C-alpha cells in the first residue's frame, strides 16, 4: 500500500491555519531568545529513525499474545509498512532487518522496493537467541560465549552470513545483541564466558568490511535471570575497545538496572568516542519495550540533551549515531505506536536543540543550580510541537501522522489486503 | 512410569551409614540445645508442597524456548510426573491443575490415578490471561476488570467452570491470578478497573462451595507494564476483606518490587488472618521464576521463620496455608528443578523449626540486636540437611532424590516412553 | 522582612505585555477545546501548599552539611520566611510546625504574626526519631512500637503535647511519621511491633479533638535499613481503618520502593476514602527529598490527574487533602527551592485541570490505548505556565517569583539581617 | 585497654572439647572429599581485614544519631580498639586511617603503638566530602571535579597531604572516594566533571610513591541525588586505565544499583587486572552500611567464590587485594558489630576455599546447570564454622570472639575508662 501524496497535502492544508498561528507564536518566542528557528527545522527534518522489521507486528509476553490484523507477512510487506510510516512522517527513512526472519529472495528487487519508498537499510541484526529449524547446534546454553567451540563456530558463521546479507542490501553496520547469560549461580564461569565472547566477536569483527561498524549491545537480564555475558555499558565498552576502532557500544533504553542515570552513560560513552547506536523505547519496570516517551519523557529529553551536546562537542570523533526504535506493541496498532515513538523522539530532539548551551555552561560554572535546572525545565515545558509539525510539513509529511492514519483507515485497508489473522515474524 | 519401592530402599541403604553418622551428630547438637528432634522430623514429614501441572515442561521467555524431551503430553502423564516426584521425596503429594489446560475426560479415572500415587488435588487455577480457540471475547484488554460487561461475564463464567472442575476432583480452593493491567498512562481508570474486578470476584466468590477458599494473587507488573489491577499485598488485602471470610491473599515470591521485605508482608498478612497461600520460586530481577532458594536462601529462611511463628501464634485464626511451587524451568530438567525446589523449602522449614523462639523474644525485648541476629544466623549456618534426609528416609522417600533420579536415568526412560519432541502445555 | 506590595506590582507590570500575549494565545487554544479558563484560574488561585518549618534552612546528608546564610533562627523568622514565599506566590499560605523545634513562647503573638502574613497553621508534626536533651527514655530502639511500655508512654505523651500545641495555634491535624523500624533480621517481632504501634496510635487518636485528623505516614526504609514498622500504603491503610474515621494515610512521594506506581496508590487510597495528605518532593534513587518535579515531572502530572479525578468523583467522601512540601535543600537557597516546588505543583495541577475527562473515559471504554495516551500527553506537552502566571497576577503575587526574589536580592538582605552563619533547626 | 592472653586461653580451653568434636567431624567430611583441611586453615589464618578508624564509634543517619558509651576519642584509643579486636580474632591486623580525623602528633609513637598490637597501617583515606574549619574553599559543589581550579587545587593538595601522612605511617595505598556529584539535571556537565576529575586524579597519581597504589571508589548516589561523577565500575575502570598501572578500582558492596550482580563485577575487574580493594558491608535498600553478611550471605559467598578463583587464576596479574570493612553501627556496639563482620567474611572465605573447582568447571562445560548449582549450594549449606574457629584457636585468638567480649564485659570497662558520653569522629 502506497500513500498518495495528494492525501497528505489535503490533510496539511486543512490544518494549515491552526498550525500556522501556533508556529508563528513559537517562532516569535524562540527568535526573541536568539534562536535560529530555520536551523532547528532543518535539523529536525534531517533526523531519520530506523524501524526494525520485527516491530511491525503485534508483540507479546511469555504469558500470551493477542495479534491484531493486517500484519505484514513478508519482507516486501514489511518494507511497505515502513514506507507508509515514512510517507506519513518523513522521519522513518530506514529499515533494520533481522536475519533469518528477513532474508530476501532477490536482493536487487528488495533494494528497488525500499528505494521506491525512500528507505535505506540500517544495521542488520543477527539472531542467536533462538534455534532455527534444522540448525545443527542449539543456543540453549549460549552462542558466542558457549563452552563448545562448535556452537561458537556456528554462531560466528551466522553473524558473518548476516554481514553478507547486509552488504548485498547496502547496510553498513551489524548490531550484535547476545541473549547469552546464565540463570543460576555456578552455571557460568564469568571470565571464560566473557573471554570466549570477545574471541567470537573478534572473529566477526575481522570479517567486517572496512566501512562497516559493529554495535555491541548490553542488557542486565532477560533471558538470563542471574547474569548476562554483557550486562552493562562498562562491559560493552571494554569489549569495543578490545575489538578495535569500528566497534562501538549500543544503548537500548530498556536495558538498565532500576534508577540508572542513562543520560550520564550516554555522555560518558560519547566522551570516549565509543557510542555507536541507540535503541529507543520506554519502560517503567524492566525491558518493557513501551512507546518512546510514554513513561519518562523528561529522561528522554535529558538523553537528547546529552546527544546534541555530544554531537556539537565531538573532540573524541564519536561517529554519527545509528538511531532505531526497538519497541514491542502488545496492545496497540504497531504502526500507530511507531508513529507515536518517532514523534516523541522528535519532540525531545527539538527541545534539546533550543537549549541555550552557553548560558547553561555559565550557570554550571557559577554553581547556580537553581538556574541550570530552570533553564532545562523551561525548555522542557515549552511546547515545541509546532516546530516538529512545521518540519514535517516542509518535508511533505503529514501535519498529524496518527490523525491522518486514522482518517484514512489505513489499518482497515491493510486488513482488507492481508487478512485478519496474519502474524508477522518477531517476538 | 511408576518408581519401584525397592529402588528407593536400595539407594537409602547404600547411603545409610554416612547419613546415620551425620544425623547422629546433628541430633546430639540439637538435643543439647533442648530441641526435640523427633517432633521436627515429624513436622518435616508432614509438609506437602503442591506441584503445578504447568511446571512439568520446559518454560521459556518471550525470546524463545528450548524444550527438552520426555515432557508430559496429557493430564495423565502430568500426574505420573508428580507421582514420580512424590515417590522420590514424599513431599509433593498434591497437584495444582490449570484450566483449560488440564480438563479431565473422566474425573473418576483421574482421581483414581492421582490416588494411586498418593496425590491430592490442590487449588485449581483459572486462566484469563490468554485467549482460547473459539472464545467469544478476547482478554487482550483485561478480563475481570474489563470495561465491557460481556467480557467480564465470560471471565466470571470461566472461573465458575474452574470451580466446577475442582469440585469434581476434590479440590477445595481456587487461585485467581489476573493478568489484568495497563501498559500506558491513561489506559486504565484505576478506580473503575479495581471496582469492576471486585464485583467480578464477588460473583465468583458467591459461587464457592462453603468449604472452599479463594486466593487472590497480586503482582506489580508483567504482562501489564504500567499498572496491574492488583499490584501489591495492600490491594489484595483490601479485596479479600471486601469479599468475605473465605477470601485470602496469595503471596508469590517473585511478585514484588525490588527490595521488598517479603517476610514482613507475610507476617502482617498472617496477623490479619488473611494469608491464604504461597507460590514459591526465587528471583534476582523480576518475576524470574527460578528454583526456590537459588538466589536468596537467607530470605527464604526468614520467610519460613515468620510462617512457623505465625502458625504457632495464630490469634487471628489464619487457616493452614496452601503451599505451591510456581517456577519456570527454561534450562533445566523440570523434574530435577522441582526436586531442588522442594529440598530448598524443606531446609528452610527445618531451620525455622530449630529457632529458639523464647530466647529470640528475650533478645528482642532487651534490644540485643547483636544476639537476635546471631541467633538467626546460627540457625541458618547450621547444616540441617541430615534432618531433612532423615525425615525422607522415614517416609520411604529417597535419601538423595536428585541423585537417585539421575542414577535411575529417569529422564532417559521418559524420553523413551514419550519421545524427544513432546511439548507440555504451559508457558 | 516583609515584601512591599509595590515591588510586586512593578514587577508584574514590567512583564505584563509579554505575559498578556501568551496568556491570550493559550486562552484561545483552551477555549477552543471547550474549557473554562476562568474556572481553572480560580482553582489554581485557591490551591495552598503548606511549607514545613524545617525546610527553610539548608539540609544535609549523613556525610555533611554545607549551610548557606541568613537562615531563620527562630519560629518568628520561620514564619517571616513563609510569609515572604506567600507574598511572592500566594500559594504558600500555611506553615507546618515541628515539635519540639517550633514551640512558641506566646501563642497569641505567633498567631498574630502568622495572620499578618495571611498564614494558617497546617498539620503539626511530632518527633520521636531523635532524642531531646533531658529526655528520660531514648528512642534508639523505637518509640510508639517500643517493647518497653515506658518508652511508648513517653512517645504517646509527646504526641499528645504536640496536639496541645496545635490546638493553641489553630491546627486541625497531626502528622505522625515514625522512624520506628529495624536494621537487622531478627531484631523486630514484626507483628508485635505493629500491634504496639497500633495501640499507641489509638491512644493518641483518642486524644484528638473531634474536628482533628490524624495522618499516618509510611516509608519503606531509612532510618530502618531492614524493616520499617509502617513500610507501605497497605500497612498505613490497615492502621487508619483500625484507628477510626478521622485517621488517614499520608503519601510522601519519596517513600516508595523503586518503580512503584504512586499514582495508582493515590487512586486506590482516594477510592477507599482514606487519603489524608501529601508530602511533595522528587527523587531518583531513594528518599532524595529533591525539588518537586525536578526528576519525574510526568509522574507528578499523573498523580495530579488522579487527585483531580478523585476530588471530582468523590463517592467515598475522601476529605480535602492536606498538601505540603517536604524537601531538603542541600545545595540550593531553600527559599528559591520552595518557590520552584510550588511552581511545579501548580503546573501539574493546571495540566490536570485541562484534561478532558469525558473523552478520556470514552477512549478507555473503547480500549483506544493510543488516544488515551495521546490525550494525557497532549495535556502534558501543553505549556500551561501562562495560566499559572495569570492566576498569580490576579492574586497579587509575582509573575515570576524566583526572578523577583533574585531581582530584590532577598537572600542578601536576609544575610544582612540574620548573619552568615545562622543555622536553622531541622535535618 | 589490652587483653591479657591468659583470658583467651582460658576461654578456648573451656570450649575446647565441644569444638574439638565438631572440628573433627567436619575434617573427616572434607578430607573425604579430597580437601586439605590444613591448607584451608592456613589460608584462613592469613586473612587480615583492615578496620577503618571511623567505624569504631556509633554511626547515624541524617535523622539522628544515638551514641553509645566508651567510644574512642583519640587516634591512640582507636588503635587500642582495633588492637582489641585483633587480639580477639587475629584477623583485624590493620587499621585504615582517615585524614583529617586521624592525624598523629608523633608518627613514631603511633607506629610503635600500632606495632605493639600487631597492627599495620592499611590504605589512607582522604576527605573532600566535608568542609573543615578554616578551609579556604568549600566542597559544597564538588572537589576534584570542581569547575573552579582553586577548589580542585585545594582538594589535590589535601590528597597529597594524605599520602604524606600515609608514607610516615607505613601505608602503601590511598583510597579516593569522591562525594562529587550533582542533585539536579542541568547542574553538571557530565563530561567536563569527569575529565576534570581525571585531571585531578592524575596529579595525585603522579605524586604517589612507586610502591603505592591508588584505589578509585565508585558509588551510584548519595550524597549526589541525581548523578555521581564516578557512579559505576565502568567509570572507575575507565579512570584507572587512564591513570596508569598503579591505579585500581575499589568495590564497596553497598555502592550498587538495585539487583546488580556484584560477583560478576568482581570477576570482570579481576580479569582485567584492575581490582584493587574491597569495602565490605551489607545492605537491603541503598548504602545501608550494615554488618557484613547480615542480609545477603549467599551473595557474599558468591563474591568470595570469584575472589578465590581470581586469586588462583591470575593471568592478569591482579595484585593482592586490600580488604576493609566499611560499615556503620547505628544501633549496635561497634566492636561487636565489627567482630560479626569479620566472622561473616571468614565464613564466606572458608566456603569459597572448599569449592571443588575442577568439578565445577566440568559441570559448566557440560552445561549441567543443576549440578553446578548443587555444588555451590552444597558448599554454602556446609557449616564451616569449626574451620574458622580452629584457625582462630591456632592463631591464639578467641574461640568465640563476641562471646568472650561479652564475658569480659569489655564495653563496660571501656565506658569506665572513657566515660559514657564520648563521641568518636566519624559519620
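Per-chain numbering from 1; labels A, B, C and D assigned in written order.
The criterion applied here is as follows: a contact is a pair of C-beta atoms (placed from the backbone, for glycine too) under 8 Å apart; a residue touches a chain by one contact, two chains touch by 3 or more.
Since the model is a prediction, treat every value here as computed from it, not as a measurement.
More C-beta pairs in contact connect the chains of B-C than those of the other pair, out of A-B and B-C. One inter-chain figure worth recording: subunit A and subunit B are separated by 40 Å, centre to centre, where each centre is the mean of the chain's CA atoms.
With centres defined as mean CA coordinates, subunit C is found 42 Å away from subunit B. Across the assembly, subunit D contributes 140-141, 183-185, 187, 220-221, 226, 258-259, 261, 284-285, 291, 294-295, 298, 331, 367, 369, 373 as residues in contact with two or more other chains. If you sketch which chains touch which, every chain touches every other chain without exception. Residues of subunit D that touch subunit A in their complex: 140-141, 147, 182-192, 194-195, 220-221, 226-227, 231-235, 237-238, 257-261, 263-264, 267-268, 270-272, 298, 302, 306, 309-310, 313, 360-361, 363-365, 367, 369, 372-373, 375-376.
Subunit D makes touch with subunit B in their complex at residues 22, 25, 29, 258-259, 261, 284-285, 291, 293-298, 331-333, 336-337, 340, 347, 367, 369-370, 373-374, 377, 380-383, 385, 402. If you check the complex, the residues on subunit C that touch subunit D are 59-64, 66, 129-131, 138-141, 179, 183-185, 187, 220-223, 225-226, 258, 283-286, 288-291, 294-295, 330-331, 427.
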